[in-house]
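Each of the next two complexes has subunit A plus one more chain, namely subunit B in the first and subunit C in the second.
Then we have the complex of A and B:
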């Protein structure tokens, strides 16, 4: 039975092995280990954006605003109220989720698709402006500094190595929850609206309500990722809410592949490493990423991960029919690695 | 008491009445046909009843409750489910997943159950899977369970659509021109299917312009023209009705 299968294991297991041992080779200094932390944080943000893009089939241009918002919430709590980062890690997703609920309620009652993208873009720009201008609270353009790291049993998770494993564990938890959520009644409802909203409504799925909750969930998740960022890099500034990060998350999702759990993880790794490799080019990096993004959308519209999966299937000699594979390409919850 | 009743149901589109003071009664167990020439307001009436359009005036009563203006998903929850004129499925999913995704109302699983994959959750999932197989067997699609919906033939699309509607455990199903695009054998199979549903206790409202199909299986028929009801009765009464014949064929029926 399908439930018993472990979709994505062929990729997940080796990827996890690489991720767990990466700090032992190549990523041996703290700078490189910082890159690993960044990969994990971007992967989580990418997964949340992909919940909107891949699962809901919608688009939010304001997603980075929720990321930055989560970062600010946790940083602000720690700096002004001396609240433990652990509480911040809970408060950030809750706050981002609540704002997401509000924005989702306003936007999704009326809009889908392109209109939703524009409404969320408007919200994102608004949020970025507030972060920039509301100096007494947000610290203005300079943002907030000296955000404390979390500590465990009196020991600060300050080193890149410790923070990396900490964040990696959380990322695995997120991947696990997303995989299970897909199969749940709620996950299926969201998927059915994506596939065919009229039909979903006619068989009893409350479409708008389900979408509002799904949107809020994605916002909570990205807010959580933002808080992880704030407590590792120890600062927040208005850029975190801006279009640059929006663009990064978009690259992460499109590069890796929408509608797949491992796609954004792979996308984040590729983005951070290539971006690092092109460091000398400074802002011109985005020129290259712009071209890469174009190429991916034009020639690999499903992203790198589904392309890899096809190769893996060929290698393991899985005999799936073309139609079925195409159908599952966008829906990994039910397809995957029973090939081996 | 009628299972479904509309009173003075009216829909104006910019001054034109697509549906004009429609009184419709469907009794429990009926296979009610709603017929009329193209543009006579059949689909609009169905959209008004199922909440996809809000009426300008008039009311819809279902199980004795006023359900005017309720959302489609709220009506589905009360057991009133529809299909569409242009077949709509979850085209990218397999036949099995179409039923499982269509079983939203009959899905007892909890979020926590799905997250921890409890024994209870797995049993519930196995039950749903079994129920999906039953439904597919009922409509004759059990051989196609792993096919992707968009690879099905026109007839199979219809059968699957009906199976999806049944997955919601409806008390009443509204079918919007289900025979459109079907060849004669498929249409005949579809009629058998509709009779089967009726025997299982599902009340049916069938919108159709294919006169022969409808006179064959309906217990009662309502005829619309220009949004208004021009006749109502048993199939025998309807085919002999002067007004119907004139409206429908535009001329007297040949001897």
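Then we have the complex of A and C:
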């Protein structure tokens, strides 16, 4: 068990050191520190999407809807009922998880793979449409402003720096929970379904039920990330549920690499920093971004993190070959049941 | 009940439905034959509309010459779409292909915004007389749209069922390995599939400008609508996509008139979810 978790350390420890000290150099003004907060929030959303893609081997193209939903739940509680953001941080994942349970139940009963992708996309777009139209509750296209920041012992966590460390701590907690969950009985059950659903069912793993719970867990996690977003950037609007963020999370996961805990974290950092760096190109920004994305997919189809890991293994000469990765079936569709 | 309004909404629904049909047929064809979700399909339609604007308003071609040129050009571009964003990734996973087509749609959308800007562009219509049939107003351009749509669907049907290419395409969709075993050149079939699909997407684009303006932002909403049609029909079922596209176009217009203009956009997804609950494989899907 111990040994299994260790390979992440070569990346995790330096990454944590960089993350903890980043505000001291380069990220010294509040704008740049805001980017750091964004990286942490995207990383958390990416991790939750990766739980569906990497561990379950399934797709959720409506993930941003749960993210935006979590943001709205926490923001509405604080704005309308004056509830503390801390309660909101609890309520958002609970609410998103419950909705995820319902939608997971509807979608996962029969659909898998690409069909599931389109089905969840449909749910996501429906949620976005409703949010856009239901003006009395969601504030319409303009959304809601002045969402309060959380406060700790009478001190508001308002500055980018404080919020960054606060979010970073939570991200570490999420990474810890995810690594434990992956090795738990439940996590192994989920992975066994990924590898071969029929075989897993035959040895008594309740396939659909496990998948529905795993899906719901991922929705809860992304809802939590959404609540973090709402209380830092202090607004919510229907676009948080929309396609734009769905694409962002997908890029974060695939850029970093699926099925690896650190991949989405790295992917979030690359995504935020590269798109910020490209800002100087103005209207050419997303055009160039598309080209960069296509290049990354062409040359590193498994994502940046596995490519890095391969290099690290070669440098340190540690024994494990790439065989295990291939056997794990890091991608949906590559592991097992082709008969859809 | 005002019968004129009902008739007018049926006509309007038929117009939208025609676009949905052409669009969703291409999307469904690519999924059915290649098991690929082409996230750039909407942008191909958008590119068709924008290129039509350029060749007619800037280069001065007539609507028909311009439309023919654009559709042929875009069909040929479908070959590139396959070779650049689909074929290199087929060995990997379905997900990588989705990402590469997302990248392509980023490039096409943002490239178009750079070239054309975000303001909608009107295209001169070939003839635009208003006719009154019963109490329903229709323009000749709209009639042209519906006529072209039905011709295109008929042509697609004939190609898929009556030609050798169509047979090979269907065989490849049913069983890739089996098709290869009996000597079908599946690479060529994949090329042909994306050529046909891109041509259809561009055709939807040059038809859209008959009822609305050309704008770089028209691709994404259309893609979403196309997905709803494809799910309700059953993924990869081209014939089903045609029937459902028409049906949803019609009922969407009636819903907008008689139930709620406000939630008209949501109608398609509500239908989609009801279908998913009752029949997850889609109305025409087999399982």
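What we mean here is this: the second predicted complex is superposed on the first by the 311 of 340 C-alpha atoms of A that agree within 3 Å, B and C clash if a C-alpha of one lies under 4 Å from a C-alpha of the other, contacts with A are read in each partner's own complex, and residues count from 1 in each chain.
Throughout what follows, contacts are C-beta pairs under 8 Å (C-beta built on N, C-alpha and C of every residue); 3 or more make two chains touch, one makes a residue touch a chain.
Just so it is clear, the model here is predicted, and its values are computed rather than measured.
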Quick check for you: in the superposed arrangement, does A:203 touch first (subunit B), second (subunit C), both or neither?
first
Is subunit A touched at more residues by subunit B or by subunit C?
C
Thinking of the overlay built on chain A, is A:192 touched by subunit B (first), by subunit C (second), by both, or by neither?
first
Using the superposition on chain A described above, determine whether A:289 touches subunit B (first), subunit C (second), both, or neither.
second
So, A:298: does it touch subunit B (first), subunit C (second), both, or neither?
second
Quick check for you: in the superposed arrangement, does A:13 touch first (subunit B), second (subunit C), both or neither?
neither
First (subunit B), second (subunit C), both or neither touched by A:180
first
Which holds for A:311: it touches subunit B only (first), subunit C only (second), both, or neither?
neither
If we overlay the two complexes on their shared chain A, which of subunit B and subunit C does A:113 touch? Say first, second, both or neither.
second
With the touch criterion stated at the top, can you tell me which subunit A residues are shared between the subunit B interface and the subunit C interface?
331, 334
Complex contact set, residues of subunit A against subunit B:
1, 3, 177, 180-181, 183-189, 191-192, 195-196, 198-207, 323-324, 326-327, 330-331, 334
Which part of subunit C faces subunit A closely enough to touch in the complex?
31, 35, 37, 84-85, 88-89, 92-96, 98-100, 102-107, 109-111, 113-114, 220, 224, 227-228, 230-231, 235, 262-263, 265-266, 269-270, 272-273, 276-277, 280-281, 287
In the complex of these two chains, what residues of subunit B are touching subunit A?
50, 52, 71-74, 76-77, 81-84, 88-94, 97, 100-102, 104-105, 107, 109-111, 114-115, 117, 122, 125-126, 129, 146-148, 150-151, 164-165, 167-168
Which subunit A residues qualify as touching subunit C in the complex?
53, 59, 106-107, 109-111, 113-115, 117-119, 121-123, 125-126, 129-130, 133, 243, 247, 250-251, 254, 258, 283-287, 289-291, 293-294, 297-298, 301-302, 331-334
